[in-house]
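Letters A, B, C and D mark the chains as written, and numbering starts fresh at 1 in each.
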Amino acid sequence: MAGKIYIGEISKNEEIQEDCFLMKVKVAASFENPLPGQFVMIRIAGLNDPFLSRPISIYSFSCGENFCLIELLYRVVGKGTQIMAGLIEGSQVEIHGPLGNGFEISDVRENIVFIAGGIGIAPLSLLVENLHRRFPSSLMTLYSGAQRASSVVGLDRPQKICHDVNVCTDDGSMGEKNLVTQVFQKDMKKFSPANTSIYACGPREMLISLAKILSKSKFSCQVSLEERMACGTGACAGCAVAIKYEQGISCYKRVCADGPVFNLADIIWEY
Amino acid sequence: MAGKIYIGEISKNEEIQEDCFLMKVKVAASFENPLPGQFVMIRIAGLNDPFLSRPISIYSFSCGENFCLIELLYRVVGKGTQIMAGLIEGSQVEIHGPLGNGFEISDVRENIVFIAGGIGIAPLSLLVENLHRRFPSSLMTLYSGAQRASSVVGLDRPQKICHDVNVCTDDGSMGEKNLVTQVFQKDMKKFSPANTSIYACGPREMLISLAKILSKSKFSCQVSLEERMACGTGACAGCAVAIKYEQGISCYKRVCADGPVFNLADIIWEY
Amino acid sequence: MKETISPRMTVNLGQLKLKNPVMTASGTFGYGEEYAGYIDLNKLGAIVVKGLSLKPRLGNPPPRIMETTGGMLNAVGLQNIGVDAFIEEKLPFLRKYAVAVIANIYGETYDEYKKVAKILSSAKGVHALEVNISCPNVKNGGVIFGSDPKIAARVTRTVKDETSLPVIVKLTPNVTDIAVIAEAVEKAGADAISLINTLTGMAIDLKTRKPHLRNITGGLSGPAIKPIALRMVWEVVQRVSVPVIGIGGIMTAQDALEFLILGAQAVQIGTANFINPHATMEIIEGIKDYLTVNKIKDVNDIIGTFRP
Amino acid sequence: MKETISPRMTVNLGQLKLKNPVMTASGTFGYGEEYAGYIDLNKLGAIVVKGLSLKPRLGNPPPRIMETTGGMLNAVGLQNIGVDAFIEEKLPFLRKYAVAVIANIYGETYDEYKKVAKILSSAKGVHALEVNISCPNVKNGGVIFGSDPKIAARVTRTVKDETSLPVIVKLTPNVTDIAVIAEAVEKAGADAISLINTLTGMAIDLKTRKPHLRNITGGLSGPAIKPIALRMVWEVVQRVSVPVIGIGGIMTAQDALEFLILGAQAVQIGTANFINPHATMEIIEGIKDYLTVNKIKDVNDIIGTFRP
């Protein structure tokens, strides 16, 4: 399950929305085909600033004979992503991956629901494309929320596939003015718990409110979590998430090696 | 005498000889016209690795209406210069300068002698060009030494100007097989101490042996020194060189602010 | 019409009032002259000058500095022109500015501290003393004054007895428990405490198998040490009631704000000056911007607002 | 025909013989499994496993880590599966490799150290114990075992009395005089000394005015601390005669060689593994290259060749 380390060359890195960048990185053709939900650790080749690599989901992936192209969709939120945003075409980055476990894909169901908050669309986009190889568009519903129209991002691909796309924003500048979890909640009765797969990714608050919404239901929901990481491989125990354990006791799992995809119901949010 | 800090954009950065790079940096047109012997402190814009700026002599300088072009000729010797060498076109660097005091230019003399060891040619090249505005080629003699043919660098401009150019290498792969100081020593009698200006730049060992050669003569010789620097402005007292003081006592001067050009005879090499 | 009032930036270090909480750190700003061409010295909270001793000091032979990851080592050896030459040659320049001047002093014996303090106390234009106790006590087998609470307290008292100027004691981080030292110097009369001085470090030249610094060891400064500085400031602010000045690896306004939030009344900017001569000005402006954006009217309202 | 003989890389830590001087640092290499897909564990000098306690430990709540300039803070809280589960679940995997396995142990009381040491001493496949004394002694007001020479010595003796395995004592750098602690644990029977553990640091989230780490403080590691680690190793090698293992910020073969030249018999690679899972292999190869280029036949011939 170990990833590999590649020296990648940036072939494109542009701001496609306010503070949101799409980076394309060329790596050797031996890069393992990633599962949706897997991620890479990225850092500037040969420099110690930023010191730690940053985890970014694989947003898109394609491979030719001579090289593979990894696409990363990321939002500038701090120092590391700021520096990433400043990298110009031709710059070299270290890419370690693919890492983590992807989303688990269960057998045909009546419905597949995707719930994305902001940049949380990144891993879901690849998942949508991937699932579409096996399931028809008609099964797929996407809920996507953002702060405002200018921060809606990454919908191009999934909205071409999903037959039902619901966009909402906090300020109503695009789609419904509402929280994405609430838009979903209104629709919930449309789906049958036993035959629906829900996949979600987004900010902590969104996942917490989704957990509340689903807590009394029988829906199963997989979420991709974020946590600060050092190693990305399970060695440092840094990226802990509290998980309900079999006998009612809890333990800390590693987002990188035990996740980043977890069952929403297993996650303990308050500790 | 304070320099200014500019964000420069690299317009060229190529290896022109083994381990030797020529970097061209575009800065705002307000960059002060540098004196030969002055230097800049350079670092990657916005990153803390390498942490300190590196001092590099101004090898060439030209200014148009919209921007100035600073040329730096540098040898890769360690981490900082290694990273500089890896910077691609379009990368941004912080350029702080011009700093330090240039060579003192005395009135017409019979001879002007330049002695360069390796990359020490960098500040001398600008000096040659500058002096040529006032003095004829016929006065100028250049001695340039390098380890081997493949490390001879930066002669293009000065050799077009100086009427007498003497190249030597440690292994004889180009020019005379000899040390540059010894080639000069053989010629020394050609020059009259009172009417000759000597300008030298090169490795410590070269300057020490030059000091010995000149110690019993009346030649005046200005040298540009190198020392590790932190501030480049005289504030940290890091770049110390021991200098003979008036009453036979010595003190430490700062290479950046009191130099980098010193009278060779004033320097104390052993402490 | 919307009015933006510039936030109040003045802070008090006991009797000493500063325009703003941003001062320069000793040994990193010369005697002010070197940076006067870059920034308006009047805008600084205070200038702490290079460490002064009774007699001029030659300093250590080179090499004196070495870069490390995210920091640098220095073994300048407290080179300085001596307290008399400072008063004669450097103070007149500084007096031209409306800025608080703090003289950083040190000695190798209690007596030297005493004499330097006395001389500076009668010099016009010195507003406070900062006592560097990170140096070896020659009479005491070379133990660092600042590494023993009793010795640190005695230096503090020695200086206090000689001066009516506010006395800031500057602590060394090379100790097991910095809060104990802080308590000792507070009890001994320190009007304020500044920390941290550099951590002792070393670098080796693989080619020559010699130390990179002629002095073998040197003081580590820069952002590499910021986490340690923050932790020590936190330990100290919880245990003393005199004002604390935070120092160590501050490069940006964000860094400075972190120290203020922890409870430091002011900060000193050291190594950052070397890399960016405008660092102090950018930090002052950055703190103001932060206050304005967060609608905080007075910098004092963020000091000590840390919520652990 | 020119023959290049590969340089001899074996080193001795007392009775413990290592293939080469490059080991992994505790807490940065899991129990070996995480990196087995990246490197050949057989090629390591030794694997030091994650710190083991008597009972399993949950560890601290997140956030547990934070990047700093040239380093990182961690407050994992010594999360581990406990000594029994280690023997049952993890040792069998490690026994498949021909590599020295060193169990890093810690406790909150002397008694815990004693019990953990005893249990591990009879486990097949453990080649040495490394005693982490950078943790608070709960019976002693929470003072760090490793910050007092007497307490450090007593822990050392406690462990020595329970085991015939070589005992390495790992020192904390958060002390005034590390050489005094080193001397004390040597006298108490330590077979080797490793240093440094992390420096205590802190980071603050400006937005929330809370600590970045849930635990408030954490341990600083990475290249930022290398100069301090080198200085401390230098202080210790001059004062003890047992083998010393250098740790702290080693990222490259050059870094490792600096510690060896100073006099460390071996080195441990910690945080570097996170950034580059191949770091240990590259360091081993880099040391070999250095020896070959410099025509040195045996790595032992460079140990302690520092010329201050």
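Assume a contact is a pair of C-beta atoms (placed from the backbone, for glycine too) under 8 Å apart; a residue touches a chain by one contact, two chains touch by 3 or more.
As the structure is a prediction and not an experimental result, all values here were calculated from the model.
Novice: I need the chain pair with the most C-beta contacts, please.
Specialist: Answer by contact count: the chains C-D.
Novice: Considering only mean CA positions as chain centres, point out the chain farthest from chain B.
Specialist: A
Novice: Could you give the separation in Å between the centres of chain A and chain D, each centre being the mean of its C-alpha atoms?
Specialist: 36
Novice: When the centre of a chain is set as the mean of its C-alpha atoms, what distance in Å lies between chain B and chain D?
Specialist: Distance between chain centres: 46 Å.
Novice: Would you give the residues of chain A that are in contact with at least 2 other chains, written as numbers and ranges?
Specialist: Touching at least two other chains: 48-49.
Novice: List, in ascending order, every residue of chain C touching at least 2 other chains.
Specialist: Counting only residues that touch two or more other chains, chain C contributes 68-71, 222-223.
Novice: Work through the pairs of chains, note which ones touch, and then classify the graph as line, ring, star, complete or other.
Specialist: It is complete, because no pair of chains fails to touch.
Novice: Mind listing the chain C positions that touch chain B in their complex?
Specialist: Per the stated touch rule, the residues are 27-30, 34-38, 50, 58-72, 74, 76, 79, 222-223, 251, 271, 273-278.
Novice: Any idea which chain D residues touch chain C in the complex?
Specialist: Touch list, chain D to chain C: 68-71, 73, 147, 174-177, 199-204, 206, 208-211, 216-217, 220, 222-228, 230-231, 234, 249, 254, 257-258, 261-262, 290, 305-308.
Novice: Under the stated contact criterion, what part of chain A meets chain B in this complex?
Specialist: Interface residues on chain A, with respect to chain B: 46-49, 83, 86, 88-92.
Novice: Where on chain B does chain C make contact in their complex?
Specialist: 1-2, 5, 43, 48-53, 80, 96, 227-242, 250-252, 257, 271
Novice: Using the touch rule from the top, collect the residues of chain A that touch chain C in their complex.
Specialist: 48-49
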